[in-house]
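Both complexes shown next keep chain A, but they swap its partner, so chain B is in the first and chain C is in the second.
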Partner chain A sequence: MVDDISHPTEPDKAAFRPGPVQTFSCPNCGGVIGIRALGITINAVCESCGSIVDVSNENLRIIETAAVKAQAAQIPIGSRGTLFDTEWEVIGYMIRSDGSGRYLWREYLLFNPYQGFRFLTEANGHWNFIKNIRVAIETGGSSRIVELDERQYRLFEQGRAVVRYVMGEFYWRISVEEDTAVADYVAAPHILSKESSDGDIMWSQGIYMPHREIGNAFKLDKLPAPKGIAPNQPSPYTGKLGQIVNVFLVSAGLLLATQLFFNERAADRVVFDRKIQAPASARDQLLISEPITLTGGLANTVVMAKSNVSNNWVELDATLSNDVTDASDSATLPIEYYSGSDSDGPWSEGGQTTEVAFSSVPGGEYHLQVEVDAGAFAEGKPVDLQVKVIRDAPIWANFWLTLLLLLPYPAWALIRHWIFVLKQWSESNTGSVSNLTRTT
Partner chain B sequence: MDVELMGSVAELTPDVSPFQIGTTGRHRNIGFALIGRLKMSWSAGMWNEWFLASDDGRTGWLAEAQGFLSIAYETDELLEAGLTHKLTNLQKIADLARRDPSTVIETGHSSEDPLRLGARFKIGNWTYLVMDIKEAACTGCEGELPVIAKIGRKTTSIDLLNETGRFASIELGEDFRRRTYVGEYVEFDSLALSNVRGLPGWSLPKASTSTTGMKGLSNGG
Partner chain C sequence: MKHKLYAAYCALAILAFMTANYRGFAASSLFRTEHRQQQDQNHYHK
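Moving on, here comes the complex of A and B:
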């Protein structure tokens, strides 16, 4: 029964380089059945009539006769492609569905005589490269987490996988309508799947493959782009997110270092400090300080006012003017402090201190002019005031402003990442989003 | 162990095995050579058991089944009493079935609680899970072998796996001898193989060498 010839099938049609094929005659229709994994394959499908034939020994036995018409696979049987440095030949093709039959996916059996078997799966244009593994993993109890090779996988879905269509050859018994219980655990881009039937448990480990890599490997230019989000598809932000956060942290660190450096260098010298009591008659009068010497070149100069007001207000109009050039900087410094107690308990708002910073004030001789108004003046009462002028003070405002400008991009990326993961897990029939956020 | 030179007493069906008598390699840094082969068959296909001689004097088997490779060396580690009891029971049923082929071995329908898939047992210091129980027959052999490889010689083979990746295999022979092997599943590329079999249409893996070139698909003999 075994033709001892090895020849490539249909060499004229070959955009690929087929391996040697051992051929059998189909016991149903007499058509040619080619076997590529000789001595390993036990079931093969006749290309002509679709019968599933047991080829494990010379008594070729028909297991099932075809009920469905041939369906074209995106990667034809006999195609070769190199993935992970190994050349693989597609020798089997299966269409499977979930229990409802509505959700379909396709599985390709890949063979290399030295490396054994792998699978490519495709669902909605999303591809996975999968290897069966021999491991004893316990999934008992209510745990949704499985650990393998120090990686934690989270249960994504549980259901059934039903074989709907077969083509090519297989190293296990195949049967259309064969029903298997499956559970998928994910740690994107990795996936761990458990298939169990009749007490037999088979684990497989896979990795998400961008569809372009599959197209390149098998020289197919028209693989459709994936739709939706696959369970183990890595978030496009995962890789970037780390970088973005690092860039943010480094920038913030540099910014802080710069700030601290300038703080250290700042003279921070009090060049004027005076306490006065302004009588009610001081309203609309101009109070003029004694001369103030500002040393150095350009530097910031802070005017600070303090008044121990309580449930009242004081307002100062301050002008710092250069005696020589007449150049001046002006600002209003309002001070208000209110406090009390209501049904929510004690409260307070405002403060007893206020300050204004004039930037880039040249060195020289100055006078400070102050006009005071206060709530207390209306009652004919004086107010206590303290006015300080500080030369070259450390200023934090720019630091916080720059930090705020750095924030939106990492925040945006983080939010996009969360949205991606939430969408992904909304498809899960076992996962709950609330306990998901803890680990992602 | 008495290794006998058996020669090619049985015809080997052709396959695409990447191994051949004379293939050498290293397992856990100890060199080995493949010196014999048993071709086994069971209800769901065939596999190869390559008899290996290790440089440190041990002998074992490189099993090649469905693209999976395992290496296991014979051990005298003690089997847990419960396991021994179940194996004796299993062997009795198997023996009965061999003498009367109409008996169907259904390990699940014995009067006694049978050996079940997923059951846990200790071999030596390690606890294993029963992964696979199958009745197999020798369909061919070549090279040097530690057993008389009569065609049709039947064996009950039990595969066990430990959570840390240790693999154990128990063979219950027709001669009522029980042999236990322990080892692990291995990757082809991890074995630093030389003199692997060349296969037409396939390039050799980068790390491996072949001295025989293209031998064609039909093998052995």
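Moving on, here comes the complex of A and C:
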């Protein structure tokens, strides 16, 4: 796209030599008017008195006398700089503003005898390299989106553009206070601008330029740093975000593959499975299993409990003890299940099954000790229980925890990117808040 | 540069995940409730 803007035809990378500058005497003050694009320039501005002179014929008619005093351009007229492998000469400069006159921007007319004309625009230190294009772009209806070269541009702002100051030469008839309707559509770093005046519509296409590139091109040391965010300024986080998301996706894929590998190799062996009926008198009594043999080295061991409670609860305190070392690990397994119906229909909460995993349990002979308490015991009723012990079960908790550890940095990068885009679009005057969701 | 640091961090996290799985660690054990801690301690210090 950059090439499209800079090289509409076959690129000619040869720098052009300084051509002859044709001079005329200003019919108003007698000052010298220099013309660099001879034969193309229609209007030129006298550097001495600021009068706009029609230089397209020999009469040198004064079109407009200066209304404002001379203002210095950041890139002086006559400066040359190389952008996109082409050397451009600044031949014209103008200051434009919105209808209110509060928001000003500057436009530089660039000329290369082989490539024609381009513009550099600058507002708040943000620069764009712009080319006029001859295309018919459909903007009918309420659509805020236009499409060009398979790229969608979204309407960012629209209003009036008034010429406030001119200097140098121009290939069209220019006039201070000239007023045109403008609309800017953006697809960062690209911008598409529409200017309408007296039924004529002119489209131009531009690309955001870092101010340092402009400074380097025209050998200017002190271009002011940009302030705020330009409509088509690319998010500085976009590239980083892409890289970070790629790293995250690859890591998450690797993590999943590793999890599936461990799931596949897990023994997942039931080493204890008993159904018991705990009487009410069993409250606070220790129920001890027969010996349980856990084979292999370190592995997780899951204790699972099930009880068909309904609108009631059961709580088990399970302790797995090594018969030889006396090492033990304990956990509580609460089971509660409630259901019913109300004006919203049937409801239920809790479940009749619960499980707990013991970490890194060495192989050996074990006993499972269980203490049971239950809501039914208060009514003197027994509860039915099923207790299972599973050796080396596939466990997903490690996977989710690791994935959680991978997430904060991409999430932070995404948030920063979104803050940038939100700030950018808060400057839009099209009220297109809905555009925000479609911008990134 | 930052994405390279992040990639290194991810690699370490995956390595830790593999080690934890290999050694039978279950992350859910970090969050389980233990109502009778005193009794548990007795078990450990038997």
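Definition applied: the second predicted complex is superposed on the first by the 409 of 440 C-alpha atoms of A that agree within 3 Å, B and C clash if a C-alpha of one lies under 4 Å from a C-alpha of the other, contacts with A are read in each partner's own complex, and residues count from 1 in each chain.
Convention: contacts are C-beta pairs under 8 Å (C-beta built on N, C-alpha and C of every residue); 3 or more make two chains touch, one makes a residue touch a chain.
Being a predicted model, the structure only gives us computed values, none of them experimental.
Trainee: In the superposed model, which partner reaches more residues of chain A, chain B or chain C?
Mentor: Answer, by number of touched residues of chain A: C.
Trainee: Let me test your reading of the model: by the given contact rule, A:Tyr171 touches which partner, first (chain B), second (chain C), both or neither?
Mentor: first
Trainee: Quick check on the superposed pair: does A:Asn112 touch chain B, chain C, both, or neither? Answer first, second, both or neither.
Mentor: It touches chain B, and chain C stays clear.
Trainee: By the touch definition at the top of the document, which applies to A:Asn300: first (chain B), second (chain C), both, or neither?
Mentor: Touch status of A:Asn300: second partner only.
Trainee: With both complexes superposed on chain A, which partner does A:Asp392 reach: first (chain B), second (chain C), both or neither?
Mentor: So A:Asp392 only meets chain C here.
Trainee: Mind working out whether A:Ala37 is in touch with chain B, chain C, both or neither, as first, second, both or neither?
Mentor: First partner only, chain B.
Trainee: Does the superposition put A:Thr180 against chain B (first), chain C (second), both, or neither?
Mentor: After superposition on chain A, A:Thr180 lies in contact with neither partner.
Trainee: Which holds for A:Ala136: it touches chain B only (first), chain C only (second), both, or neither?
Mentor: first
Trainee: Under the touch definition given earlier, write down the residues of chain A that touch chain B in their complex.
Mentor: By the definition above, chain A touches chain B via 2, 4, 6, 8, 17-20, 22, 36-40, 42, 56-57, 85-87, 111-117, 132, 134-138, 171-173, 199-201.
Trainee: So in the complex, which bits of chain C are touching chain A?
Mentor: By the definition above, chain C touches chain A via 2-3, 6-7, 9-11, 13-14, 16-18, 20-29, 32-36, 39-40, 43-44, 46.
Trainee: Quick one: which bits of chain B touch chain A in the complex? Just the residue numbers, please.
Mentor: These residues of chain B touch chain A: 13-18, 41, 44-46, 66-70, 116-118, 128-129, 131, 161-163, 165, 167, 185, 188-189, 196, 199-206, 208, 216-218.
Trainee: Which residues of chain A touch chain C once you look at their complex with the stated criterion?
Mentor: Per the touch definition, chain A meets chain C at residues 240, 243-244, 246-248, 250-251, 254-255, 258-259, 262, 297-302, 315, 317, 319, 321, 326-332, 334, 356-361, 371, 392, 395, 397-402, 405-406, 409.
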